[in-house]
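Okay, so chain A shows up in both of these, paired with chain B first and chain C after.
On to the complex of A and B.
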């Protein structure tokens, strides 16, 4: 268990600046997820912590040590790669034992550790196999086992589940969570999957174009987004984000007036981006308290326990939700309620939250 | 009605298929005969007394097996020297070009450095010069180095031919191995050389073997430079030895062909071994892909 301090981290590729000064402070035992669209710099950050990429500026400290000049093996880290990178010529046992062998650990100690971890990960019957003879999920577990046997201060995960099918991904996600509860190591986990981020993280760091958009607990990120980007990134289906006009009584959305309270800094006639999650737009029968507008529904997606309701307001396509048993007809107009108590307001220019 | 039509078409297709297969086998048979005949003839002549070599009509199987050629060649210490020389040169060239070539290829494959592309291009360009034009300059260099009429002279010369090939070949091979292995091994605590030796080379075994076989054959079969750069009987190699039988002993076909057979044996054995190794997945399974 170690804390990780990343201070003003900069990465240059030639003249291109890939990271613009990242600051993250991760507590001992914390599960920190870096999330963002591809090319946002999350993997680069992780690889710099691992020591696989040089540091162009700033500082990384693991525990109390600044590790900038240290080689990967001296940093007390273990890493799980997206495509596992298991050594094809070695058995599962030797894949897991390799780093311990390199550190000249006594043979019986290596054996004890490998077998113990194999037991935890249910790999014991597979120890003599080579990676080629394993299924995707088994390879994934070997890759994790290889990291766990080293008992590192910090685990680094680089999109470890993105090569698995949906069902297996769900299982492995739960397994990683259980493992963290059991081992209590500090973890940095990179993913582009927001479900993984929400379910696994103690702290989520959302990145975009080499900068941090926002960091906080999953609750904070989801329910208290700082920017339009964060609001739109987390949640599936994503938050509805519509540019509208502030009126003395509320908002003008397309041709419709919606009565609601707006932040005091806004004046009538100001333009504002209003964000409202699909969960907060429901048929009026479900949500009597909201601001109701009757609108034509043009598409209904049946997800089972719930239905997604697609509709247009002016030229904006919005999505609402309703229970799976509610019957709505596509093409017909239905009264829809907007729960404006849970609406978010953003400045259209800076894209920052207006509170 | 429809079913008879389908049946007719099926019979037709079957017939076509049979003809196609017949064609393929016929072509393969002809090519095989063309390729194998000289070898069979070599073996055949080596087992006939010289008087029977050009008997008409020609016979592939001798009337009675004549082992005199083999007996003479095997009992003559001169021929043993040729064989030993060829083995020394071949194995030394193979070993050196593998070690140096793999290290160079590792550099080209895994690191970016100033002038790396130009250097790689240069390596390939050396292969484009016709060998014969190099004979005189090489002769000069080898004499200058005091290596004329030594096995080291031959080893050095062949190394210059074999190295570009093994660099290019090993580079191609290492390029197919994902860099994730390097990174995983680095994190596990390997030095860069450790990555090469402990992780990449075990995966690259088929590439190493085929490179080794090629370089060995190159050194084993080379004739021109071996003839020009050595003078004494003690330094001659197998191909030169075979050629010398033409002038010096008259034409003792049985001995010449017997020695040719003995000289070809390592080549044949090597090829059989290689076939076994090159088949099969290279880095299958380690990386999802």
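On to the complex of A and C.
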């Protein structure tokens, strides 16, 4: 268990600036997830912590040590790669034992550790196989085993589950969570998948174009987004974000007036981006307390326990939700109720939250 | 009826196109092959109009000839030494030019290092004769460095000639190995090296545990191919040392040539040639089997 301090981290690829000064402070034992769209610099950040990329500016400290100049093996980290990067010519046993063999640990101690970890990950029957003879999920577990046997201060994961199918991904996600509870190591975990981010993280760091957009607990990220980007990034289906006009009594959404409280800094006539999650737009019968408007519903998606209700307000396409048993007809107008107590307001120019 | 005919012609057409090639190849390959084997069963072939059939006598004589055995031994030394030299130098240089340096420098070094391969054997042999001459550059440099007190006759001294020949052959032959390995190296996933680095592997560990296992199929195939080529290599040896001094660098291929075109004992030459053929064929079969297994 060690803390990780990333201070003003900069990465240049030639003249291209991939990271513009990243600051992250990770507590000992914390599970930190980096998310963001493709190319935002998640992997770059992780690989700089690992020592696989040079540091163009700023500082990384693991524990109390600044590790900028240290080689990967001196940093006390272990990494799980997206494509697992198992040694194809070595057996599962030797894949896991390799780092210990290199550190000249006594043979019986290596054996004890490898077998113990193999037991935890249910790899014992596979120890003599080569990676080529394993399924994707099994390879993934070997890759994790290889990291765990070293008992590192910090685990680094770069999209470890992205090559698995949906069901296996769910299982492995739970397994990683359990391992973290058991081992209590500090973890930095890169993913595209917001479900992984929400379920695994103690702290989520949302990145965009080499900058940090917001960081905080999953609750804060989901329920208290700082920017339009974060609001739209987390949640599936995403938050509805529409530009509307502030009126003395609330908002004007297309042709419709919605009565609601607006932040005190807004004046009537200002334009504002209003964000409201699909969960907070329901048929009026479900949500009598909200602001009700009758609007044409043009598409209903049945997901089983719930239905997604697609409808138009002016030229904006919005999504609401209802229970799986509620019957609504496509193409007809229905009274829909907006729970404006859970609406968010953003400045259209800076895209920052107005509280 | 017509449809059947058409069917046959469409299926036969590709073979029709192949026919001229096959005929020429067959004639060029099988006739000489047959002739060589035939010659080896007669005495006084070519020089006399009516050669005498001697059966396997030529082979029996060859097996009791110390010249043949010493040439055979030299061939083994030359072949094994050359292949080892090619391998070590080829792999080493492949690793070097695969290193993460400026792309321009890399391209420059890669092209420079392939040069030995594009010269013909004559040029290579003459160049090295000049370099290794008692008054040549090599001796000059060695003397200047104080490594030798007087010039050495690298190609003329029976104790040194084979070593010099191996040097020349290594210089000449490493580029093929280097190029093969270079392409092999580029298929090794970068992530494997990164994983090894995190596991604490240094340069040699990475080479031993990641690079070599990945290259193993390439190494085996290329080494066998090189073995087949070098085993019957003639021009470079003949032009560099002529098999001399004395018989110090006489290999089976130069022995064949000497028997045939210096001593005019064509039957004996054919006999040696057939022995080369048999051994090469054995290696070739091994190579083909290895390739088949890889597919």
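One rule holds in what follows: the second predicted complex is superposed on the first by the 355 of 355 C-alpha atoms of A that agree within 3 Å, B and C clash if a C-alpha of one lies under 4 Å from a C-alpha of the other, contacts with A are read in each partner's own complex, and residues count from 1 in each chain.
The rule is simple: a residue touches a chain if its C-beta (ideal position, glycine included) is under 8 Å from a C-beta of that chain, and two chains touch if they have at least 3 such contacts.
For clarity, every value in this text was computed on a predicted model and none was experimentally measured.
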Partners on chain A (chain B, chain C) - clash or fit
clash
For A:199, select first, second, both or neither according to whether it touches chain B, chain C, the two together, or no partner.
neither
Counting residues of chain A in contact, which comes out ahead: chain B or chain C?
B
Touched partner set for A:79, first chain B, second chain C, both or neither:
both
Could you look at A:103 and tell me whether it touches chain B, chain C, both or neither (first, second, both, neither)?
both
Can A:52 be said to touch chain B (first), chain C (second), both, or neither?
both
Once the structures are superposed on A, label A:139 by its partner contacts, choosing first (chain B), second (chain C), both or neither.
first
Would you check which partner chain A:87 touches, where first means chain B only, second means chain C only, and both and neither mean what they say?
both
Looking at the overlay, does A:130 come into contact with chain B only (first), chain C only (second), both, or neither?
first
Give one of first, second, both or neither to describe whether A:163 is in contact with chain B, with chain C, with both, or with none.
first
Dual-contact residues of chain A (chain B, chain C) 50-52, 71-73, 77-79, 81, 83, 85-90, 98-99, 102-103, 146
Which of the residues in chain A come into contact with chain C in the complex?
50-52, 71-73, 77-79, 81, 83, 85-90, 98-99, 102-103, 146, 150
Along chain C, where are the residues that touch chain A in the complex?
189, 191-192, 194-201, 205, 209-210, 213-214, 216
Over in the complex, which chain B residues touch chain A? Could you list them?
178, 180-181, 183-190, 194, 198-199, 202-203, 205, 281, 283-289
Touching residues of chain A toward chain B in the complex: what are they?
50-52, 71-73, 77-79, 81, 83-90, 98-99, 102-103, 130-134, 136, 139, 146, 163
